[in-house]
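Order of writing sets the chain letters: A, B and C. Residues in each chain are counted from 1.
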Amino acid sequence: MVLEIEDLVVRYKTGGWAGALRSKSQRHVEVLAGVGLELNSGRTLGVVGESGSGKTTLARAVVGLAPIAAGVVRVDGMRASGWGDGPWRFIRRKVGFMFQDPLASLDPRMDVATLVTEPFVIHRTQGIDRRREAARLLDLVGLPARFLDRYPYQLSGGQARRVSVARALALKPKLVIADEPTAGLDLSIQGDVLNLMTDLQAELGMSYLLITHNLTVARHVADEIAVMYLGRIVETGPTDAVYRLPAHPYTRALLGARGGGERVVLEGEPPSLSPRPHGCEFHARCPIAKPRCQTEPPAEQVIAPRHRVLCHFPLIQPQAAGTA
Amino acid sequence: MTPLLDIADLSITYAAASGPVRALRNVSLTIAKGEVLGLVGESGSGKSTLASAMMALLPANAAVNGRLEFNGADLFALGPEARRRLRGNGVAAIFQDPFTALNPATRIGVQLIEFQHHKTGIGHAERSRRAVAMLGRVGISDPERRMRQYPFELSGGIRQRVLIAAALLTEPQLLIADEPTTALDATTEMQVVALLRASRALVDGAIVLVTHDMRLVADLCDRVAVMYAGELVEAGPTAEVVTRPRHPYTKALLACDPARIAGPVRRFPTIPGQVPDPAIPRDGCAFAARCTEASGICLTTPPPMVRGDGGDFARCHRLVA
Amino acid sequence: MTGVSPAPEIRAAPAWLKRAAGLARAVLAGTMGKVSAASVGLMLILAVSAGIIAPYDPIAIAPMDRLEGPSLSHPLGTDQLGRDLLSRVFEGTRTVMEVVVAGIGGALAIGLTMGLVAGFGPRLLASALMLVSDVVMSLPMMLFALAMTAMLGGGLETVVFVVIAFMVPAYFRVARGQTLTLKGADYVAAARAMGASPLRIITRHLLPNMAGPLLVLIAMDVPTVIGIESGLSFLGQGAQPPTPTWGSILRDGFAFIRQAPHIVLAGGLPILIATVGFTFFSEALRDALDPRLVGKKARPK
C-alpha cells in the first residue's frame, strides 16, 4: 500500500484575534471533514471535484502542507500526523509533487539543472554528479539537454510542466501527486503530458494521485476514482463502474455535466463552509433529498468490494451487511 | 438580406518591438441576424483578436487591412467616438473572468443601471426596474436584494449571470461571449450554458461564442468557425463540421478531445509540433508543418476555400476536386 | 551542448555570476546608467584608496598655507588651518562610505531579521514589531538625530546609530512584505513539499528573491545617509574635528565663505556628485531589475 489516509481532518483558522472572540465554530474552517482513501502500488487514483471540494487541500495534506487537525497519513508504511517535521521529511522524500501552475512552482532564480536536482541536495544524497543527473532527468521527460541552463521565464507552459515532472521523479518516488496536470494546456497538447505520465508509470512503476476537475481525463487515466464534495469523499470506486453507474446523486450530476452522462442540472451553489451544514452537505442541492438528509449525516455504504458511497439513499442498492 | 456582420479579407498586424506580428490573415466570415456562431481555436489562433476586432477594441499598434462591416457600416472607417458609442449600444461582450469584469467598489445595482446609459429616454427608476427584471430572467433569485450587493459577495456562477444580465440590458445586436464558462466549475457551467441557450430569445441579433471547447459549441451554436494560426480554416453548420470535419486540423483537434474517445485509452492523440510564429511570414498553408495529409503544394501555395456539399467551407488543397 | 552524453563538459558559470553580469550589462545600457555608475565607481575607489593616493596628510596643519585658493600644489586649495582640501575630501569620502556601509549594513541586518521574524512568526509578535517600526518612522529625522547626539554626545558612532535607527523600519517593511508575499509562492510550497528545511527555504529561496527590491532600497538609501551624515557634521554634531567629512569641510568653509569660498565648494561638490550619482544609479538599477523579474524574452508557445 503506497498511500493510506484515515479520517483526515484539515482546519484553517479564520480571522484574527477578533475571530477568537466569536463562537468556537466560526474560528475555523473545516476544509476536509474526515477523508479516507487507499492507493496501491503502480495504480492511479483520480480525485475529482469542483472548486471548494478540498481536493487540492487533500493533495497538500499528503505531504504535510496543510494544517492537519486529526487523522493519519501513511506513505509507504511511514505514518505522519499533525505538524511535527520528522516523519514528514521521510514522506516528502518518497513523494513527488507536481503543482497546478508549473511555472509558479519553479524558483525564478534557479536554472533548470539546479531545479530538477534540488531534491538530491535537500536529502543530501551522496556521490551524485548533479549535472549528469539533471541531464538524465530531462531526457526522461523528453527535453533536450540545452534546457539545462534555461530559466523558468524562458520556458513555455508545456516545457515547464515537463520540468516539474522531471523534478518530481528525481528521487524515484513511489508516489507522484499531480495537481491538475492538464490545466491551461491546449487540447492538442494535453495528450503529451498524459502520455508522458502513462509511459513513466509503465517504466518506473510509481502510483499517481491525480487531482483534477476534468472528468473526461480522469476517466481515461485513473484506475479508481474518488469524488469529493465540500471536504468529503462522497463516492469512490473503480473508474469504469463509477462512470457507468454512479451511486451518488452528486456524481451523477457531475458526470452529466461533462462526463457524457445524462443531464441533471444542479441548482444553487455549494453551501458555505463556516459553519458546516448539518446532515448531508449536499442535501440542499440534491434532487432526491429527503428530510432525513437535512439532519443526519450519512454513513458510508458499500456497493461493491471497492465501490463505496456516502449517502442515505444511494442510487444503487448497497450490499447487505456481511457481504462487503 | 444584409448580414449583421460582414468580414471580408480581414488582416490585422501588430507592430511589436521585434517586428510585425500578423495576428489575423485574410479572414472572411459573415454572421446573419439571429444565429449563434462558435469561434473555435487554441492559443495563437487569433480568435481573441477577431473578437476584439468585432468590438472595435483593438490596441493602437494594430494595423487593419480588409473590411469589417457591422450592419452595413464599415467599423474601421468610423471615428473613435462613433465606435465608442457602438460598444454597449449595439455590441456587448461577456468575458472569461467574471471576477474582474465588475467594479469591486460599487454595488451591482448601480453598475447595472449605469450600463443602460445609452437608453436616453428612460429615467433612473425605470432603469432600476429593468435591471431587476433582467436579473430575474437570468435565473437569479431575490433580485432586489442582489441589486444592493457588492461583487465580492457573489459566487462565480452568480457573477457570470450578472454579467450576462448586464450585456442583455444593453439590448445588443451582437453579443460576444469570450470563453464565458472556462473559469467556472462543471456544474455551474451547465447552468450558464442553459442560460446562454435561453438568451437567444432575448438577443435580437447574433451571438458569437469564442471558445476552445468543441462541446460547448456543439451545445449552443448553429455554425462554427475554426481558426488556426490567425486564419479561418473551416466554417460551416455545427452538426456538419463536428460530425464530418473536412480540414485536417479540425479532424485532429476533434480527435484529441478525451470526451470523444470512446473506451478508456491510455494513450491520447496529440498534434505534434507547434503553432507557427505569427511574426514569421509564411508561404503555404499554416497547418502544413503539422498536417498528416500534407503534400508539396501545401508548403508553397496558400490553400483555397473549398465548399462542401453540407454547406461548409474548408481551406485545404486536398479538398480541391 | 550536444545530446545527453555524460562526458565531462565545461561547467556553466555559477548562476549568481551570470545574473550579476547580466544585471551590470542592463544597468550600463543607458547613458544615465553609465554616468552614474562611473561616479559611484569613482566614489568607491576613492573610499578604498584614500589613504594611499592622498597627496598630503589630511589632518596635518600648515598655518603658513592657510586659506589658499586652488593651485597646482593644492588642487582644491587649503582650509583655515592650512590643510590640503583635496586630501581631506579623499579622506572624507572614505569616512562617508564607512558610515554608509556601517549604517545601511546595520539597518539591513536588523531590518531583514525583523522582517523574516514578522513574516514567519506569530501574529502578535509581528504586530508588535510593526507598531515599533511605525513609531520610529513617524519621528522627524533631524530632531531625532539631534536628540540622539544630545544624549549620546557627538561623533560618527552616534551618526551611525542614528542612521541605523532611522533606516531599520524601511528595511523591515520591505523584508516583511517580501516574506509574506514569497511565503505563499508555489515554489516555496514546492520546496517544502520536497522536504526542504525552513533554513534552506529562507537562504535558497526567499533571500535571493528578495535581493532585488532590497538592493534597490540600499542604492536609494545611500544618498539619504550621505545627507544625514553631512547634515549632522555640518551642524557640528557628526564628525568631530579633526576628522574630515564633506559635511565638516562644509562647516569650516561656511565660516570663511567671504574670504575663501573655495572651501565650501570643496565640501559641497562631492556631496552633490555623490547624491546625484547614487540616486541615478539606484534608478538605473531599479529599471534593470524590474523587467528582468518578469522575463524579457517572449515565451515560446
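In this section, a residue touches a chain if its C-beta (ideal position, glycine included) is under 8 Å from a C-beta of that chain, and two chains touch if they have at least 3 such contacts.
Note that the coordinates shown come from a computational prediction; the quantities given were computed from them, not determined experimentally.
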| item | value |
| --- | --- |
| Most remote chain, CA-based centroid, reference being chain C | B |
| By mean Cα position, the chain sitting nearest the middle | A |
| Cα-centroid distance, chain A relative to chain B, in whole angstrom | 33 |
| Length of the line joining the C-alpha centres of chain A and chain C, rounded to whole Å | 48 |
| Computed distance of Cα centres, chain C from chain B, in Å | 54 |
| Junction residues of chain C - those touching two or more other chains | 300-301 |
| Multi-partner residues of chain B (at least 2 other chains) | 43 |
| Chain A to chain B touching residues, read off their complex | 50-51, 186-192, 194-195, 198, 213-217, 219-221, 239-240, 253-254, 256-260, 263, 265-267, 269 |
| Of chain C, residues touching chain A in the complex | 1-4, 6, 9, 11-12, 15, 19, 123, 185-187, 189-197, 200, 204-205, 208-209, 293-295, 297, 299-301 |
| List of chain A residues in touch with chain C within their complex | 16-17, 60, 63-65, 88-89, 92-93, 95, 97, 99, 101, 104-111, 113-114, 118-119, 122-123, 129, 131-132, 135-136, 138-139, 144-146, 148-149, 151, 153-157, 167 |
| Contact set on chain B toward chain A in their complex | 42-43, 155-158, 185-191, 194, 212, 215, 252-253, 256-259, 261, 264-271 |
